[in-house]
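Next come two complexes built around chain A: one with chain B, the other with chain C.
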Partner chain A sequence: MKKQTKPKLSERLRTWDAGSFDLTEAIDPDPPVPVTEYDLRAEDLPPLARLGDRQVRGFRRIYPWLAAILAAVLVTILLSAVLDLPPYGAAENPPHNEVMERYVARGLAETGAVNTVSGVILDYRAFDTLGESHVLYTAATAVLVLLLSASGGRDEPPSVRRIMEGDPILRNTARVVVPIVLLFGVYVILNGHLGPGGGFAGGAILGGGLILYVIAFGFEPMEKLISGRVYRRGITAALCFYSGAKCYSFFCGANHLETIFQNGTPGAILSAGLILPLNIAVGLIVALTMYGFYSMFQRGRI
Partner chain B sequence: MTGLDVFQLLLLGGIVVCGIAACLSRNLLVCLIIFMAYSVMMSVIWVLLQAPDLAITEAAVGAGISSILLFITLKKLRDIRKKVLDEKTDETEAL
Partner chain C sequence: MSFAANIPLFSIVLCLLASAVSALLRARAAAWVTRVLTALVAFGSVLVLLMGIKNGAAVTYQMGHFPAPWGNELRFGILEPLVSGIFAVVLLSCVVGGNKELQRDIEPAKQNLYFVMVDLILATLLALLYTNDLFTGYVFIEICTIASCGILMIRRLGRTTLAAVRYMIFSLIGSGMFMLGIIFLYSLTGHLLMPNLKSAVAALWASGESHTPLMMAMCLITLGLCIKSGLFPFHFWMPDTYGYSTPCSAGILSGLVSKGYIFLLIRIIRCVFGVEVFYASGIQTVLYVLGIAGMIVGSISAIRENEVFRMIAFSSAAQIGYIYMGLGLSPALGTVAAIFHILTHAITKPALFLSASRLVEVSGGRKRFKALQGAAHRDPMAGTAFAVGSLSMIGLPLTMGFIAKYLFAFAAFRENRLLLPTLLALAISTVLNTFYFARTLIRVYNTRGVTPVPPVRLRAQPGFAFAAILLMAENIACGVLAQPLIEMLTKGLSILE
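Up next is the complex of A and B:
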């Protein structure tokens, strides 16, 4: 390999590899050299990138101006829209119509949920959340299909595993924090009809806890709890339960049907009819999907 | 002007600073960490706006899950970059 003759060129073209173009560098014409382990030099680059130096320079010269103009236009549009908004909390604002009055006045009696937000998203408008769950499920399936066929299930390289798992600070912190995070996630899911929270937020917390555990201790211990089969069956079962419980909404115009789940005493943990089981189903889908995404991206399988 | 007002102004100024800093930071890792800080401050603002449901979701999804996914993406990008570099080196040596 020949000696490096033009250090300036290599600096400018540092990020011009593999189609990844660090846009933030374009703002500063002479950026400091970032210390990375994957240092690129000009002669390492494909010939096309070297030939296109002139075009790159031209592009980089006009790029900051174009970006600044675009940002200014967007800021102007957004600020003018904000100035047109009605005052916060005014009585004549558009959302304050008969729908909101109904939710506030009779939400507790009709849904049994102390948390009106949960009552709205999982009871009055549960079919919306049904659609969202299907979107999440479809996305998870698509990721599964794409990444499984692309990489065929390999483990992460041993070097990465050694670095990650050998860190005593990470392991000891995770040992203390993970149980609390998981417990809090379960609490947020089960408490969704009583206070702020619910299936989506709690599921995300649970998924975050699972991911933290995996980062600290590796995938092997987690496979006893969540294998690929558990993952697929878990999200499918949760989605089927949700669909079975709420699909009648599409046939009766989102009106209510009597269920075996009674509304019960508002404020009790076993109350609010179907909201608690639906929260658990949504939480299961979200937690498994988050963990599954991480696992798929990290090592190509679950 | 009560203490809560000052706190609120600090948070609002903080998210503006974080938003601009995330755009201008050259290191993508630093950019992601600033983005996490932005989400955390935003979730406190949701609490002050009396939207605790949104606050929990923002903290869990905005600061937690999306940051984790972005971190993985960054790691994958570096892996791909390294792979391309290795292949190029192999080609040069073969020539």
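Up next is the complex of A and C:
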């Protein structure tokens, strides 16, 4: 098997992609199949990269103009369509129909949630939100697939070390701010059915607090709270609870059975049936996912 | 309500639970979870299908305590469980047949994550088939997009990463357009539920008001799904995506994911735009023309390819063209032919990818045609599966491909629309298909200049043998006993509206 080296080719590639992503480096160092088969060949490259340097430069000169013209045409078409839409915020607009009416008029009685938005996303249209939380889970898994390093991130290169770590201003600010942020996150999650907030917003606040803590104090103290195992188990438990609880409630609803969850007194903390536990589950998923993203991007593991 | 009506909900939730649990499991256990899951889903789909045939009407399933325009809703007749059952069986054959390559291509620490993604893809396919709500469709399209990128880029090769980036960009443009289309539709009609949307769209179309935004919404939704499924001018992500991913992913992405989007488009044409409005808008002509262009350009690109995976990938672009040609041809028979071709391609393409990867494996891991000389003798099972798949793609009798092409021609004759261009496109495309598949078949069965080696035994590759036999049996069974299947599709399509 002859291994061909093509310096010219990689040179061309670099012209093509301005060196931002050297494909030849991304090739598995120890591939199970012969490298030559997966090596880049001239005819494999996109047509653009196959051109000579001068042609590429010529193409690059017209490319922005072509793109701009295309974008302008599309914007014109879209804008002309938008101008024909019903005026924004008018009372007789089509979305102000029986659907919205019932949400507003009977949402409190039917879901027990003072916050109508929570009532809609976690009770009326809970299937969509079940999908949404799995979007986050899928994204977290995809980041894991992309960034999980083979060494498990143990041999961190020094360049990845957080430059801000140990900064006194940051540390002292974080010492004051982080507990408040975390507490506020918990409040927003638990209060989701009573006022503005809910699992998505509160989870994002919690995740932000965790990330701020890690920036100031490093990953080591955080590992006592969130290790890789806790992260995985937490997300799995929250998702399983969410899917299971909603499956039960969908099943009961479709077959016209009573559920064991009662709406309770509107305004009380323990009310609105499943909405509070679901908010907690969503909050957990969002917070862990955000922290997981940061950790994966920083050091290739959680 | 019979118990079978609950099965779609249970199938979707089971897939979601399996994906969540698989994150904690070892790769072997996660693989078994996926296998059992797909088998259960297939079995459940059969029960739902039997219920649908018995009822002869579609069932709507209220998701929760609130009826449809306020809550979410599933809807299933005959078509949805039929397609979901076939999808589940194909997915099962992909993960079983591609298991060996999965272990070769994916780092051990990430193998369980692969099955997490596959479970999620099955969940989204089911949701896309069963949902009766446009926005739910969008949510699950998002999951499908990310999970598809995941099973693509999990193989650590330069080309695969590049392919994943390109696939993601195309796919996200498609999702964005779909979302914009939903926004337009919602501001025009105030509904997200399909039956309500349909009556509102029909009223709006008849009144002639807001014509531009309505056309825009239809164009954006159709175009978004066309880009995501790889219709002709947007098929450039295909060769690398299918050619450099692990064979199991190639099978899933080409056979199932792109078909899920097309099926959703058929649902939307029927249940949101309404057949009368859509086929009066002129969009179907664009689909028809692009479909034919895809059939021919895809085949020519496949002929010019000199390695086997990319050739099969370009052939996918051509097959997607067939499906869109059928959609553009007519709402009744043309769409039946298109759905039949969706099933044909879903069953055939994974078999081709899996068997080609075995042929490559016994040829020293080289994918160029030159290296594949006589490969079918080194692995007879893979050779047989590849031959059956190729003959089905060419459209020889006894295979599904024959019935599909027959149905396209039949639709053109019966409805007497666009007769000449359809027949001409079918003829040219079949000749081109024959050219590159027959060339490859001759190559893999010709032993001239190859030193004979003992062939790989069936027992040495139980997973692949299982998958190949399952897919071949399905292909030939559906090809021979096509009439009941076509009747089911016709009946299913008629109760879809």
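Just so we're on the same page, the second predicted complex is superposed on the first by the 188 of 302 C-alpha atoms of A that agree within 3 Å, B and C clash if a C-alpha of one lies under 4 Å from a C-alpha of the other, contacts with A are read in each partner's own complex, and residues count from 1 in each chain.
What we mean here is this: a contact is a pair of C-beta atoms (placed from the backbone, for glycine too) under 8 Å apart; a residue touches a chain by one contact, two chains touch by 3 or more.
In this text the structure is predicted, and so the values were computed from the model without any measurement.
The wider contact with chain A, measured as residues touched, comes from C rather than the other of chain B and chain C.
Looking at the shared chain after the overlay, A:Phe127 reaches chain C, while chain B stays out of its contact range. By the touch criterion defined above, A:Gly197 lies against chain B but remains apart from chain C after alignment on the C-alpha atoms of chain A.
Look at A:Gly207: by the touch rule set out above, it reaches chain B but stays clear of chain C. Applying the stated contact rule after C-alpha superposition, one finds that A:Tyr187 touches neither chain B nor chain C. Of the two partner chains placed around the shared chain by superposition, neither chain B nor chain C is touched by A:Tyr63. In the superposed pair of complexes, A:Phe217 makes contact with neither chain B nor chain C. When the two structures are aligned on the shared chain, A:Asn115 is found in touch with chain B, with no touch to chain C. The intersection of chain A residues touching chain B with those touching chain C, taken from the two complexes, comprises 24-25, 27-28, 31-32, 34, 37-38, 40, 43-44.
Here chain B touches chain A in the complex through residues 23-28, 31, 52-53, 55-57, 60-61, 64-65, 68-69, 72-73, 76-78, 80-82, 84-85, 88-89, 92, going by the rule given at the top. Across the complex, chain A meets chain B through its residues 1, 17-18, 20, 22, 24-25, 27-28, 31-32, 34, 36-38, 40, 43-46, 115, 117-118, 188, 195-198, 200-202, 204-205, 207-208, 211, 290, 293-294, 297-298. Of all the residues in chain A, the ones that touch chain C in their complex are 21, 23-28, 31-34, 37-38, 40, 43-44, 77-78, 80-82, 84-86, 93-100, 102-103, 110, 123-128, 130-132, 134-135, 137-139, 141-142, 144-146, 148, 150, 152, 232-233, 235-236, 239-240, 243-244, 246-247, 249-255, 259.
In the complex of the two chains, the chain C residues touching chain A come out as 1, 5-6, 9-10, 13, 16-17, 19-21, 23-24, 61-66, 69-72, 104-105, 107, 109-110, 113-114, 116-117, 120, 123, 127, 133, 135-136, 139-140, 142-143, 146-147, 149-150, 153-154, 156-159, 161-162, 180, 184, 186-191, 200, 210-213, 215-216, 244, 306, 364-368.
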